[in-house]
Structures are given as C-alpha cells and as structure tokens.
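Notes for the one structure printed next.
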Amino acid sequence: MPNNISFYIFAVGVLATATAAMRLRNPVHCALAAAAAFAGLAVIYFQLDAEFISFAQLLIYVGAISILVIFAVLLTRGSDIQPGVELASPHWLTGLAIAVLVAFVIAVPVCSSSFGEKIAPKMTVAPVKLIGEELMTRYLFPLETMGLLLTVALIGAAVIALREPEESEIRNPKSEIRKQPTTEELVAEVQP
Amino acid sequence: MTALAEPPVMHEAPPSGTIWRLAEDRSSFAGPTDDRAGGLPDHDLLEVALGPHHPSTHGVFRMDVVLDGEEVVRLKPVFGYLHRNHEKIAEKNSYLAAIPYTDRLDYICSMTNNWAYVMTVEKLTGFQPPERAEYIRVIVGELTRLFNHACLVGFLLQDMGALGTPLMYAFREREKILDLFESLSGARMMCNYMRFGGVRCDLPDGWIEEAKQVVAEFPRFLDEFEALLTGNEILLVRSQGIGVLSKELAVNAGVTGPMLRASGVGYDLRKVDKYSIYPRFNFRIPLGQHGDVFDRYMIRLLEMRESLSILKQALDTIPAGPIVDPKAKQRGLRPKAGEAYGRIEAPKGELGFYVVSDGSPNPYRFRIRPPSLINLTVLEDMCLGHTIADVVIILGSVDIVLGEVDR
Amino acid sequence: MTPLSQYLFLSTLLFAIGFAGVVTRRNAVIVLVGIEFMLNAANLNFIAFWRYGVSGAAPTGIMAVMFSIAIAAAEAAVGLALIIAVYRHRKTTQLEKLDTLKG
Amino acid sequence: MNNLDQIFVYAKYWLLSQLPGGVQSLVSIVLDIIAIIAVFGTCFALTTILERKGLGRIQNRYGPNRVGPCGLLQPMADAIKMLTKEDIVPFAADKVVHYLAPLVLTVPIWLAFSVIPFGREMSAIDLDAGVLFFFAVGGASELAVFMAGWSSRNKYSLVGAMRAIAQMISYEVPLVLATIPVIMLSGSLNLNKIVEAQSGYAFGVAQWNVFTPWGFAGFFLFLIAATAESNRSPFDLPEGESEIIAGFLTEYSGFKYALFFLGEYLGLFAVTALSVTLFLGGWHAPLQVLEFLPSWFCFFVKFAAIIAVFIWVRGTVPRLRFDQLLNFSWRFLVPLTLVNLLVAVVWHFTSLGAGLDQSLRWLISAAMIVPAYVYFGRALSPNRPTRIYQYAE
Amino acid sequence: MLGSGIIKGMVETARNFFGSYVSRERLTTVQYPEQQLAPHENARTIPLLVYDGDMEHLRCTACGICEMECPAQCIYIVKDTVKKSDYLGRMQFQPRVFDIDISVCMACGICAEVCPFDSIMMDQVFALSTQNRFSGLLLHKEDLAKANGYFHAIHPSDAGDIDARRDEDKRKAEAKAKAAVAAKAAAAIKSSEASAKQVEVAA
Amino acid sequence: MQTPEQIKSLIEQNVPGAQIELVPNGSPGGPASILIDSDHALAATTFLRDAEELAFDFASNATGIDWPERVIKEKNKVKKMVDGVEKEVEEITEKKTPAFLETVYHLYSMSLSTGPLVLRLRTGDRGQNNHLPSLTPVWRSCEFQEREIFDLFGIVFDGHPDLRRILMWDGFKDHPMRKDYVEPDDYEYEPTPHDDVLEKAQRHYAQEATV
Amino acid sequence: MTDEIARKELEKQGVVITSMGELYNWGRKNSIWPLQFGLACCAIEMIAASMARFDIARFGAEVFRPSPRQADLMIVAGTVTKKMAPQVVRLYNQMPEPKYVIAMGACAISGGPFKQGYNVLKGIDRFIPVDIFIPGCPPRPEALLDALMALQKKIEGDTLRGANRPRHIRPDAPSEFPIPEFGEHDLVPDKNPALFHPAAVLLEK
C-alpha cells in the first residue's frame, strides 16, 4: 500500500531527524534537523487528511519557529561549539534512562489496546470551511484568548530581547574627537 | 521614502562677498581618534575589509571597516594597490615624456591632467600659449568636466544598485564626446594632446560644428537624466543627510572641487586663480548647503549646465591663429633651475603639479597633488555612524579615480 | 491503511526523543527544541485520534492542535527571548550554569 | 474554441485512457509534474534571455543576440556551461548544508505551482487550503537562504543571508495581509474558487478583484511585497552587488549557483502567478469580446505582463538601504494593508443591500485609502524640505 | 506624492525602451565584427614605418630619436652597416633591426611627432589580440613597414601634406643637383678654358 | 597678499625665536619660499593659519624632496694676475652641500583667495636625523600626504596621528623616491634591450650563471 | 569539404551540434561571464565595452559577476602592481574551472609604460596563465570584443581528448597557483618559474 509505505518512510525520517536534532554537536545543525523533523510531521498530518493543520505546521514550525531557533543559536553563538565543552549535561545517563522508561510506559498501553485494528473512516466533509465555522462559533472565546496571548507573547518577547541600554559601557567614538589645540597651547608646548 | 513631490528648485542668490568664513569652534578638524588601544565598544564588532577587489570601490581600493551591527565605528582607507610610480618615472624621463603619463593619472579626464602639467611647465619656463590654444584648452577641459560628472553620477547610481541604466546613459553621452576627442587628438581616452606653450595639433575641419552640436544636444540629456533620477524617492532617501561634511572640516582637510562646493564653500580655481582665459566667460559656481551626498550629486548636475554655458561661449568666439608658442620647445627641454606649482580646477578638484628643475633635461622632482587622495582624508569622518550601504555611496560621491589616488 | 497504533507509536517515540533531549542536553536552545518535539508528539496524537474517530463529528482534534501550535509559537518566541536575554548577562546558554536567580 | 481552451486537458485524458487503470493516477501526477517543470523551466529560460534583451533595450543596446536565432539559445549555452563548471565547496564550509541549500530552495518552490490554476480545469491539485499551502511551502526558502549563507563560512554570505531572512519575514506579513481581503470576499482559500468568484462581466469588462478599490490597492501592495519577497530590485539587498558582493550566493559556483538562480526566478513566477490568480481574474479574459481566447493563453499573457513590469522596474530604480527597507514594510506596507482590509470590509457591507450607489462606494473607499497612503508616505520621511541651490558668482 | 519620482523615471526608461525600436539615437550599438565605425583620420594605435615603393626604401634612417624620446622605451633600433641613398639621393643608414614591443607601447604618438624623416607614423589597427606573449607582440621591421599607399589610406590629409613637402624637397634637391651639375660642368668648362688659356699663355 | 618677506617678518614678530630663511626660486616670476626651523614650525604654521590678515586655512600640497650630498661645481670668471698680466680665468669652485630631506608645503587662503605661500622644512640629514614636526594637527589635509612622504622619502613626522606606510606594503624596507633607491632586478630583459637594460641584463645573467 | 560548408551554414542558424564535445565547447564559448574586476585605465574601456555603443552583451558576456565563484573569465584590465598581485592570483585561484584570463592592455601584459616603476608587476603571466593578450594602452573596446572572439575561437578548437586538450581537463595541470608574498624589497618569489618562460634574450647591439 503506497500510503502505508510512505507513512513508514516519513515516520522513520521524522524519528531520525528528531534524534539528530537532539544529538548533533553543532546547534545550527540541530536546528536544521529539527526543521526537517517538523516538515516530516507536516507530511504525516497531510496523510491524515488534516491538510489545514499540515500547512499551518509548515508555515509556523518550519517558516517561523525554526528560523527563530536559528537566530537564537546564532545570537548565543560561541557558547556551545568549542571542542572542550561537554555536550551533554552531567546526569545524561539518568535522563536517558528516564526517557526510555517514559517511552516504555506509554508504549505498553498502546500495545495492549485495540487501536491496532482501528481503521479510519472515510472522510466526507472538507474541513477547512468547517474549521472556520467552528472557530467563529464554538471556539470564539478560545480564539480571542489565543489572539490576546499571541499579542502579549510577541510584545513580551520584544521587550525581553530588547538590548538594555549600556550607556556607561559604550563610548561613542564620535563624541571622542580630540580637541584641536589652540595657538597658545601649541606655542606653550613648543616653548616650555 | 520621501514626500518630496517636486525636484529641488534652483534659485539664484546674489553673489556673496566672502567665499567662506571660519567658525569660531575649531574642534572638528582633527580626525576621529585612532584608538587601537581600546576605546571602541567591545561587543559584537565585525571587521570587514572592503576591497581591494570589491565591486563598489571604483578600482583597487580597500577600506578596513569595523562595524557595530550595521553601523560603522571605524574606517581606515588602505591605498597603494595602484601605485604606479608616476613620480619616479617622470623624474627619470624627459619633460615631454611625462605628458602621456599624466593622461593615465586620472584616466577619465586626461585632458585636464595634461593641462595642469603643461601649465606648470609653462610657469617654470615662461612660455605663453597663444589665444587659440587657450580656447581649445578651455573647450576640451570643459568637455572633460561634462563627461566626468555624467559618469560619476552614473557610477554613484550603480553603487546605489541601479543596474547600470544611468551609467549606460552617461556613457552614451561620453562616447559622443570621446568621438570629438578622438577626431581631435587621435585617442579616445589617453589624448596626450597638450604641449608646452600650446596644443599638439589644430582642430580638424568641421570639429567646431560637431562640438557645437554635441553641446546643443547635451541639455536634453541632462533633462532626461534629471527626470530619471533627481525626483526618484529612493535616490533622495538614500542620499539626503548621508555623509555630511561641514564647511570647516572640508577647508581644513583640503577638500576641493565639487565636494567642497557642495559643503557651501564657493572656491573654484577658475574664478579664484583666473587662469587661462576663464575670466572672459560668464558662468556661475553652484553651492550646496548641506554637504551631503545629494548635494554633491546636485552640484555636479548643476556644474554640467554651467560648463555647457562656457562651452557655448568658447565655441562661438574661438579665434583663428597659431596654436603653439613659437618660443616653446618640446624636445630636449631644459628649464633653468627653479620650481613651479601649477594647479587647475580639474573635474575632481584641485589638481596641482609641483615641478622642481635643476637645469637637467629631466625634472629633479615631479610631484602630483591629487584631488582624489586628499578628498579621501575626510572619508572616515563622513562615514562614521552610517551603514556599509551608505559607505559605498559616500565613497561614490567623493569621485575618486585610483590612478590618481595612488599614482 | 495504516493502523492507528502506528501513529501512536510514532508519537511515543517522538515524545521520548524530545524528552531525552530535554533532560540530557545542556544548551538551552536545544532544550527548547526538545520541548517542541514533545508538543508535536501530543499534536500527532490529537490528529490521529480525530482522524480515526467518528466521521463527520466536530473537528475537536484539529482545534486542539491549532491552539497548541499557536501556543507553541508564543512559547518559542518568549522562551528564546529569555534565553537571549540571559545570554547577554551571563554569556552562556549552558543550563546548569544558570542555577541562580540573580541576574 | 472550447477545444483549444481544453486542448491540454483533453490531451492528458486521452493519454491516460491509453493506460491501464492501475497506473492512471500515478501517471496523472507524473504528467502534471512534467508539465509544470517543462512550462516553467521554459519560462525561466525565456525570462532570463528576454530580461537581458529588455534591459538592453532600456539601456539603448541590443542585449544578447548572437547565440542562436536572435540570441534565444543563450540560456541553453549558459545552462551547459553552468552544468559543466567545476563545483567549488570552500574548504571551511559546512559541506552537507552547503550541498543541501540549493535543493531546499528549489524543490519546495515547484510545489507551489501545483495549486495555481493556469487555465480552466488546469490546476494540478485542487487543494481546499490552496493559499495557505502556497505560503507554507514558501517558508522553506528562508531556511534555504539561511543554510546557504551560514554554511559558506563567509562574512558576506552570512550578512546576505541574515538580510534575506529579515527581509522575507518582514515582507511576508504585508504579502499575506494583502491576500486576506481576497480570501475574505471570495469566501475561500481555494484558488480555483477565488478565480471562480472573479468570473462574469459587467458592461463587457471583467469583474476582477483589481477593478475594486480594495483590489486595486491590494494588487499594488501585493506586487510591492512580492518584489521584496522574491529579492528583486529595488529590494535586492541580499545580493546587493555594490555592498556585499553576491550576498548568500558568494561562495556558490556551477550547478548549485544555477539552482539558486532557478529558485529565485521560480519564486518570482510563483508569486506572479498567485497575483494573477488573486487579483487579475486568473485565466479569465479581460473583456467579454475576448472570451474566445483560450484560458491558459489569457493567464500567461497576464503573467508575462507582470514579469515585464518587474523587469522594467529593475531597469529603473536604485536599491534601498536595509533599515529603510524594513521601515518601508512595517511603517508603510503593513499599515496600508490593514487599512485596505478595512476598505474591503466596508466594500463588502455596503454591497449587502445598503442600496448605495456604485460611485459612492468608490468614493468612500478612496476616502479611506488615499489619505492613508499620503499620511504613511509622509510619515516615512518627515522633514525633507525642498532644497535650494545658490550660486556664487 | 510618494512614488511620483519613480514613475517619472519609469516613463523615462520606457521611452528609451520603445525609442530603441524607432530611433538610432536610442540604440547606439555598433555591432562590432559586422559593423564598424569609420575610423577618425587622426586615430592612432601602434606605430608603423612608411616606405616608398618597396621595403628597400624605408624612410627611416635609424637616427634613434624616437628610440630616445619614447616615454615607454619600447623602440629598439640597430643601424645597418651600409648606407643607401634616400629619396633625395643622400646616403643614409637604414635600420637593420627596428623592433617595437607593442606589449609596452602606449600609443602616445611621440615617436611620430619627433621623427624628422616622416618615417614613423601611427597605425589604426586595433585587433591585435594574440595568444603569444613574446613573439606575437614584438613587431619587427617587416611587420611595421607599410607602404605609403596604406598610409595614404588611413591618414589622407597628413600623407598628402607630407608627400607634397617631400616632392617639393625632391624637386628642390633635383634642381639643386642639376644646378650643381650645371655649375660643375660650367666650372669644368671654365677651368678647361682657363687651362687652355694657360696653355696658350705658356705656349 | 603679503610678499614672502613680509610674511617672514610677521612670523618673526609673532613667534618669538623662529628662524626663517628665504629660499629663492629660479623660475620666472616664481615666488620665493620660506624655510622654517623645525622647532618652531608648529607654532609658526598655526600662526599662519589663524592670523586674521594671513588666514592660510588651506594647505594644498605637501611633498618631500630628497637632496643627497652633492658637489656643485661653479664656474666663475675671475680676474687674476697671471704672469703679471691681468687675465680672465675660469676658476672652478666646488661647493659641497650636505645631504638633507626637505618637505614643501603650498599654502593658500580660501577666505582671502590668496596664495601660494611655499613653506619648507628641512631635516638634519638623510639618516637617523630625519625627524620633522607633523603639520597634520594644523591642517588635516597633510594627513595622507605626510604619510606618503614618510613612505616614499623616509621622513618621520613627530605628532602625526597615524604614521604608517601608505602606498607600499608594511613589510617594505626602502624609501623608493629617494634618489639612491635601487629597484629590484625583475625584468625579463626582452624585448626592450636599451643600453642600460642591456648592461643590467648582462650583469644579471652573469650572476645567474655563477649561482 | 561540402560537409564542412553545410555544417557551417547550419551553425549560423545556431543549432547543429554533432557531438557531446562540441556541445560542451559551444556552451562554454557562448556563455563567458567575466569577473567584475577592474584595475586601472583599461577597466574604463572594459566598462565602455559593456556599454551601449559596443555592447559586449551581444556575445552573452555582459553578466559581470562580482564573486569569482561564478565567473569564467578574468579580464585583467590595467596595471597590476606588486601590492595587488597576490590578490589577483588569489581571485584567479578562487574561480572554478574552466577559467580563462585575458590580459587587457600593455600594463597587464608586461607592465607597459609603467614597466620602469618599482611597484609594478611586469606582466600578470608571471603568476597566472593567460589565454589572450590584447596590446594597446588602453585597447579600444572593439579590441576587447575582438579578443573575446579570439577566446571563443580558442575554446571552439579545444579537443577533449588527446595531448593538447585544455588545461582544465588535464589531471596533472594545476588549477591553482602559488600566491606570492610581500618581501622586503619585492614579491617573493617575483615570478612563478613553472609558468613563466620568457623567450630567448636578445642581447646584441
């Protein structure tokens, strides 16, 4: 089944790039791999007939968040790629063990459930219009809240990231222009 | 973008008595501090070397720029990539042999270079060029000024990223003038036309008529040029208020030519030194008020119109007669020991030659005072606080030719 | 057609990868990326359950994911701004060095 | 007439009918892809040569005219040379990323063409969220530009890439905002439906969006934003030759450079095609009397006209400075597109049985958009008095 | 109003675009290999050596003035060992070697200006590109020598003036020679007469 | 404009201790130049710039001249008693001038439209004693020109804000505009063998043969 | 022979290509993108050649690339000083193969009139291989067009196999050349002896 095969291809791709994003040394590579993982997820959403979400995922995760991450990496450059610096945190082994445990804990119920046989029903409604209608009716309040949240977040981010004025540190070279000696001063210099 | 609707209005003012007046505060002459031992903010500085191969440095010129973000905090010009030892070569060769080398100084305006040099040697020897030769010199000199300014505006727009259209139009007109030069002197660029006490050959038949036609058609080109450029909002916003040069600093730093006049100092050697036969012609000196890139651009456009007026007068009144002083000697010239400094108003500023003779057939000391180099003294002062994109157009507005800067 | 469980496994693994990244990496920016992976794993669950749910029902899963994406965007913006602000002060993004609340 | 109009559609179905049913859907996709690549590949080749020739004419010269008839084989020669040129990867460069960048740029751009209706019944996929899809795949180009600039390990490249990203992000906002009125008033994100909504003729003239006040303003705002989005002059700062050599392309040579070149032109084509679809009625003929023309012909005429305008602008204007570029987006384009949104709303509600005269609707809309234009235009550069030049005698 | 300046500029470029299809003034290209501009009579590129008649009658006398005055020092002359008679009948040296290194020559024309024998003149060829740095750019006497007819073709008025002057010189010289011959003859007659007289006296 | 003599006396009045010499100029109508001792140069030039009646605000040209040690032979016709008869005899006197480097400044006034005033400064010799005061603090226009003089002539300007080589590269050792500068031997000796080049070539190839 | 003529005729229409090698040569020769790089006086004439009167664009060569990575042709237009020479060599090294060099003007060929100068490199062929030399000071723009056509002819004549195949497809031939360094008096080395073979010296007089 082509759908099935392509799902596995993309699933493996997503997992591989996500692992790369978590394991690579250079943070820029991590960010790029993460972008690839997000794009792969978008394809999987598309296969699930959620095309609107798929495009939104591309637009926001690949087009915006990845770029933000890259900018953040570049703005904080130099702190992580020196060869001497340890990549992982000191307790990485414990962390990894917990992660495996978590995966195991979630995977067990999935295996034991009957989801394996569940087959998707045939889609009948084109969802984009539906989404719009739902947003404007049932989800109007959350939508407004989300708008507010985004606005606040944007302003907040801008305020946090604004460079604090460091007047005391910056010496403006323009204000440091040497004074031109006057005739008297020069004469005095020459004739002590 | 600007809300400026109509192109700048030109307006005549009555001639003022003084050329300029020194302000009381003289603190701005000294350059920006050269503080390698600190003094610059230490965060996020980016050092960029623009050149020597860079599309906008007009040849082989380098600027070591230190950027704070996009803002220039230090700029050191580096010269010498076209240092061709003009002075040394001229000191080894005869006086006559130096003339073709002067062509290659400011290789856009060979005629005015010739002129400055032969004028200096005339001062040294006392040769007196005849009237017709003086007229021819004025005509070719002003033609040179025309296409130099046109090309400069073209290059400036190229630096602003205009894909060469203005430059193409400028070169279209330049070709017409070069045709005139070629039929007169035999070469397009390196004319080697002037001689001590005159010029090398007389005008060919019909040359005056051709020149008159070129001069008559030129204003139409200028109008088109202005329609294309002067009102363009992008040009205005890119050039106004950029690279401001104050009067005081300009004078103290020896800036000359259109750049000085854009800063508001009406110092034009054609009026001040009254050399050659310029006092006979009626022309004006346009002055800027702001001293920024836009003023330098406008001053050049306005100067072209004045040059056209000189050309019209000169072409109408050129007398017949000899073209070279009969006393003058070209080959084997051995001036008496002495020295002379001659200077003319070249299109780029004051071009001076300083020749010291010790009585031998070659100059003992041969010095070129290049306007381009000395105008660059204030480059850093003009660029500080602007961005790299501005640096490029500020440099473009200075009008340098590396052959002259490095010699 | 792919069974639902495959999506859930994918989601589980993605979550675990993200989690592992969060707990093992030292660079704050990468930790943030790990958090985004965990969010995405949840989103995938929402979409999958919606898709395999009752046909023609209200698109609740899609709605949840939409809001989740929006919140992720806000989170990324604020989080990264914070990291940059901290970096300005401390010249590092190493998390274990950022253990005091003093600026 | 109808035959000519649908000739490509019929040809495709005839071809499919010759094949066994199992592979038909696959072959259909492949055919669509081949068609898009062939058409826009040719467009790319033609545009490069016609641009060079057109710029030549603007500049009083011929332009390339010696390779093949009238110089039309010039792009082929360029392609052969580019393909066979040595591919230099700088020693310090990040090899993998350097290699991937041109692919990441070029591949998604092709996807964008799949939702554009090039003629009646002629769009590769009829996506419900077509406009969203278009912008979503466009997002990858930012990433590609960053990858190119960063992996080259060259100051100019990095500066160029950063400029490009900042520019693309800033101009995506007005680009999308200029699209929104169209989506609002057509009630769909589906590009086919948007074209559908612009069908019909009033007094023999088509009812395109551009013939409404919000559409007219929106069209120009969209075009300006599109110019910037595709890095064309006067917004070609990322490659500003006079400042930063060739921007993020500085270290690219040979085939990879050609791919970037291709990607840039494809991006230009994509936004142009979108602008035709959104504002110029897609494949509809401009006048009722011209309806006999094949729909794809109408589409490509409009397409070519807009490309010509891009070339014309490129031959005329200098480049903006970077801060001016961002200011222009945030202080001029974004507010104006928001005002335009308002105009569209007013236009929409005045038509709903308010019984207003058509000219009055125009007047109201103009009264909103023109003062805003003048106000924001002035606010961009205050205090610029007319200059006066004096003469010293 | 914002944008008016740009639109004005665009009108200007559009005028040039459409003008290029109708007006020669707006399409100034000369398509080089097929079309060529008529060279100006004064135009100069590299030097040439003029000969009258055949190669044996180079006007050059190997005097070395051009070699000395050449600012770039690109001329190299070696005198021949035998003298030949020139157009005035005077015995002159000719150059055995006359090389010009056009990879150095700067086409200033000073050599032509200082040549007292109207021998070295300026050519108008410019398509001199070569793949060979040394042998391709060192022009020998054979490459430089051009017939007077060629010189007439490129610099008609100069050549005319020079020829007229040379003809005049030649005529004068011939007249002088004739007069000299006549005088000699007369003197010879006189002297023979005188000697005859002496003889007579002696006799 | 004041004559050089007047200017000389004006400086002497206003800058106590300044020693000024007038250097004549042999060219027709050329102005004489004034030679200032380097100790008082800065004060004198500042005075020249700031004095109301002089106002030399514009230093157009600054350059150096190299004067190596020279023997000037002067032929004088001297009346002498030779063998009791007064005869005019040509006598050759040899005058040795010591070596020095010189800088020349051409000053103009933009506000008064006067000029030029030619100003000279001389170093003690061409070796160690090659220091001169920099006039860049007085006129910015000297900045690059003095760097150039430093580069090509080797005059060290005290008080110059940024005295580095300007035309030649930093590791360069010579001062090429000096009269005794020897150029690097890098001709290929072909195909312009002029006499001096020929000679040089023969030496060069002889040398190469031995190596 | 008639074959040849017929092919020439067809080539005028710009279509007929008989082998891959010829296609390769045809593509290379018709798409020569110069490096945007001017040194001195000749650069002005080079610019003039790209301007309306002469229009180098007709040959498809108006695409002056500012970055050496995208350029095919380096027009060394003007005097190469010793201070500039390392840069020129570096730029040449940065260009991808196949790359060509035109030495435009006397100065670039041999130092020209400035040959006597102490800071002037006596010919760029001391450090990089030059394909075409254009004498003149400066050469007319037509001369540059002529040289471009000569270069095209040279490319056309390239065979891809055999002993005289062009440098860029010979594995033993270098594509990068050592960059000279600044010495105390001169460049070190002052020429690349592997590259520069002056003709036999003319020592008589």
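Each chain carries a letter (A, B, C, D, E, F and G) given by its place in the written order, and its residues are counted from 1.
As a convention for this text, a contact is a pair of C-beta atoms (placed from the backbone, for glycine too) under 8 Å apart; a residue touches a chain by one contact, two chains touch by 3 or more.
Just so it is clear, the structure is predicted and the values come from calculations on it, not from any experiment.
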| item | value |
| --- | --- |
| For chain C and chain E, chains touching each | none |
| Interface with the most contact pairs, given as the two chains involved | A-C |
| Most distant chain from chain C, judged by the mean position of its C-alpha atoms | E |
| Whole-Å separation of chain centres (CA-atom averages), chain A against chain E | 78 |
| Distance from chain B to chain A - Cα centre to Cα centre, in angstrom | 55 |
| Whole-Å gap between the CA centroids of chain A and chain G | 49 |
| Whole-Å gap separating chain E and chain G, where each centre is the average of the chain's CA atoms | 32 |
| Chain D: positions in contact with at least two other chains | 58-62, 241, 245, 315-317, 374, 377-378, 380 |
| Per-residue overlap in chain B, given as positions that touch at least 2 other chains | 1-4, 19, 29-31, 54-55, 80, 83, 85, 88, 100-101, 104, 165, 168-169, 172, 175, 190, 228, 232, 234-236, 406 |
| Junction residues of chain A - those touching two or more other chains | 52, 56, 64, 127, 180 |
| Interfacial residue positions of chain G with respect to chain D in the complex | 13-15, 23-24, 26-31, 36, 51-52, 55, 57-60, 62, 65-67, 69-70, 72, 94, 96-98, 168, 175 |
| Contacting residues of chain A [partner chain D, same complex] | 26, 28-29, 32, 35, 39, 42, 51-52, 54-56, 58-59, 62-64, 66-67, 70, 74, 126-129 |
| Interface residues, chain D side, partner chain E - complex | 54, 57-62, 312-313, 315-317, 373-374, 377-378, 380 |
| In the complex, chain D residues that touch chain G | 52, 56, 59-69, 71, 73-74, 76-88, 241, 245-246, 249-254, 257 |
| Chain G - residues contacting chain E, complex | 52-55, 58, 102, 106, 109-113, 115-116, 123, 125, 130-137, 139-140, 142-143, 145-147, 149-150, 154, 198-199, 202, 204-205 |
